[in-house]
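Every chain is named by a letter (A, B and C) in the order it is written, and numbering of its residues begins at 1.
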Amino acid sequence: MASYETGDVVLTAVEKCFGDSSVVKGIDLTIRKGEFFSLLGPSGCGKTTTLRMIAGLEEPTSGSISIRGERMNGVPINKRPTNLVFQKLALFPHLNVWDNVAFGLKLKRVPEAEIRTRVGEMLDMVRLSGFESRSIASLSGGQQQRVAIARAVVNKPAVLLLDEPLGALDLKLQTHLQEELRRIQRELAMTFVYVTHNQTEAMAMSDRIGVMNAGQLEQVGAAADLYLRPQTEFVAGFVGQTNLIGGKVTAIGETTISIEAFGLTFDAVRRSAVETGQAVTFSLRPEQIRIAQAGGAGIQLPLVDATFFGATATYRLQVPGGTIVAQTQGDLQMLAPGQTVSVSWPPEAVVLLTGGQS
Amino acid sequence: MTGGKALGTFRSFYVPAMLVGPATLIVLIPFIASLVVLGVYSVGFYPGGAGFDLGVWKTFLSDSYSWTVIFTSIRLAVIVTFFCLLIGYPVACALVRLDSMLMSIIAYTVIFSPLLMSVVVRSYGWLLLLSDSGFLNSLLGAWPLNLGPYRLIYNEIGVIIALVHILLPFAVLPLITVLLQQPQQLREAAADLGASPFAIFWKVTFPLSLPGVIVAAEIVFALAVSAFVTPAVLGGGRVLNLSRLVYENIGNIEWGLAAVQALILLIAAVGVLLILERFNRRTFGEKS
Amino acid sequence: MQARAGDSKAAVLMLRMVLGAVLVFMAAPILIVVANSFNSSQFNVWPPAGFTLDWYHKALTMPQFQRGFVNSVIAGVLSTLVVLAVGTPLAYAIVRIKFRGKSLLQGVLLGPLVVPRIAMGFSLFVLYLASGSGLYGSMSGIVLGHALLMLPFVVSVLVANLGEVDPIVEEAARDLGAGAVEAFVRVVLPQIRPGLIVAGLLAFITSFDEVETTIFLVKPVVNTLPIEMYLYLDQYQDPTLAALSTLLIALSMLLVLVGLMFAKRGSLRFLLGGRGA
């Protein structure tokens, strides 16, 4: 648990109910100052609701939110040091591009000359120079989305909240704006809370990621942490592809433990306290499984099918009572379904899912 | 309890009160108060009145003259409503079929701009058209017809003609609205299934437009039953309806009687509206 | 005429003829008023005995019409301002906020639409007298009465307009630092401007033409123009009224023209039922 001194945005036991339905179910989260923090989760898991509570557009049903050590509950939206890039954009249809972006600065009575330079720079950054006097309705979806980003970023708030801001953009623009947002965030030392359901985007941009599921925060950590050391089935499955396998602990060694599943034995690095006989679930990433021609090192398994994706290939392997998926890269071995192959993996690849939060 | 937007902490009471308060204070409360006062006056509580007394109601309702006036008001309103619908329906059908912008502007302007002109002006125009030496009679009386002159004012004919003119726009507007809302595909589908134009109209277009017909009838009836200026100008004091009686009785300082008549007028208007609304709901369910 | 699916030629032709006849019917009394304003016959004899502009001179110089016009403009402007000022927040509350008694409020709001104008006028007259407020025969009394008559129209126009404004843009404005009122003024008001203009015009026209209710609320000093015209018509029928009416018709035609000019290009499309010209 980080303390108020290092935490820029701190959520303590935050819950939100709409009528009878509980949408956010007790979130504890500390977002550090100057951090690029992403909230990642499937559609409907409560990301937008969480963000709206930080922005002040919703009051938490219980729990508290503080920003820079100041309790925010009851503080009106317009008095919070945050700005939000709305998922639904919420551009002002009666104002042109320039006036949309200048809206916040004008409200703060920033001098006219400064408004001019800042708005100009901002439009430049989102590649909308020359669109200043266009009406919102005449813009494409992606252009509108960039106006929405510019309108919030131009205010340089202490905490910028972004709700899936790059959804409607093509890949090239997405990459460009990802870089730009990252640059702005570093230069201005702003705290970003970035909501997305796109794990690649979250991993590419974030210092840390919080994975949400059904109103709860499953795990918080850096991209590599989440990928290599997922703690819950959900995280393992949502962040990248994986084989989720249920088994039983059969032996506990000095540095490793052995787990039996499908009648096979999987060795894992010993990281947490387990007991012999305990039922466990572990994750085994497909790309960490090595495959070789039959007769090589490892166990021998029949191949169910093979799919080639060009740079990579995916294999499904028959195990008693199920299949596991493996993925290889580079040179394609001519493996045909029905054939038996040698399969092996390093013990680090077997990650026990202990379920709790750090 | 105010939904999700935390726009302020006092929202649940103070915000609605502040928004609704001014209108309530200066408009809605006087409105309700005036109706209450009307009721109170009608039972004898007014300056110079004798205190609680249902006598005025009794006298008025047992006088056959009163019933003549009530029936005149309702008869006029029913006739005017009938003609407004009879004329308004084909006009609305024609309007939604216009496809030249210029024609549309002309037609809509001619039909709806009279709404911008005072009822006094429009009634006066009909007086000029229909009087004994007016435009219509001079047209009919000239060669080769040599007809008339006909008595068209100071009787119900003139009042009805002028009221139809004045209220027609109120009938056409809701009719256009329902006709425009009808999906074109419905008629196309019916035609595709082999329905004749006649069958399409009676089986598809007309039944679907009935809610608009009822709204039109409600508006026109409510305005016609309480019309005052037009019956006064074109009836020349010879067409007596409830509005006219109320006006005259106030002039004669018969306040109790005026209150009773105003209330009966109110009851007639609201009563017919309720009947039409009920019919509307029964026939068209939740749709309207 | 654009034939629609399932139209027969004969039926379309008949519709056309009905429309033509009704256009003549609608225009006739107005045209005759204009024509008669130049009729030198004092008794509106037709065909006109000769051409004259005397009636215009008379209409423009009669003190009761001058005073009536001024009163009507004052009453129209003031009551429009009042009804917009109280009606806009009311419409906003109806569209955006849940509160107790809302459906009751909406029911009461329909009242002035249903109550016959004459009954409304008499009961307001009685209320003004009974309350000892001095409203009877005063400009404030007229303004209040007109605001009452117009509130249902104004609120229903504004409710329809506000329904089109996405509440999220208000949140965006708040997020960017605007207070509740500021967000409304900067973001909502500009978006409902067409509704405010329509409601305002409707209110002004209603007030400017009102006779049935107003006639109970006035004393001669505050008589409005339509009341003066009605009273004049009750006694005289010379073409003075035609001249005055022609001037008013010209004024309202001017309003229509201005409206057509200010209507955004393409916004008249609705006249064609959404079809292209």
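In this section, contacts are C-beta pairs under 8 Å (C-beta built on N, C-alpha and C of every residue); 3 or more make two chains touch, one makes a residue touch a chain.
Bear in mind that the values here come from a model prediction, so they are computed numbers and not experimental data.
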Comparing each chain's Cα average against the average over all protein Cα atoms, the nearest is chain C
Relative to chain B, largest Cα-centroid distance belongs to chain A
Separation of the C-alpha centres, chain A versus chain B, in whole Å, is 63
Between the Cα centroids of chain A and chain C the separation in whole angstrom comes to 58
Taking each chain's centre as the mean of its CA atoms, chain B sits from chain C at a distance in Å of 16
Residues in chain B with touches to at least two other chains are numbered 5, 7-8
Residues of chain A that touch at least two other chains are 56-57, 76-77
Chain C residues touching 2+ other chains are 171, 174
In the complex, chain C touches chain B at residues 1-8, 11-12, 14-16, 18-19, 22-23, 25-30, 32-33, 36, 43-47, 82-83, 85-87, 89-90, 92-93, 97-99, 105, 108-109, 111-120, 122-127, 129-131, 144, 147-148, 151, 155, 167, 171, 174, 180, 205, 208-209, 211-212, 215-216, 225-226, 229-230, 233-234, 237, 241-242, 245, 248-249, 252-253, 255-256, 260, 268, 271-275, 277
The chain A residues in contact with chain C across the complex are 55-57, 76-78, 82-84, 86, 88, 90-95, 103-104, 107-108, 151-152, 155
Given the complex, residues on chain C that touch chain A span 166, 168-169, 171-179, 182-183, 186-187, 190-191
Counting only contacts in the complex, chain B reaches chain C at residues 1-3, 5, 7-8, 11-13, 15-16, 18-20, 22-24, 26-28, 30-35, 37-38, 41, 46-47, 87, 90-91, 93-101, 104-111, 113-129, 131, 133-135, 137-138, 162, 165, 168, 180, 184, 187-188, 190-191, 195-198, 200-201, 204-205, 222, 225-226, 228-229, 232-233, 242-243, 246-247, 250, 255, 258-259, 262-263, 265-266, 269-270, 273
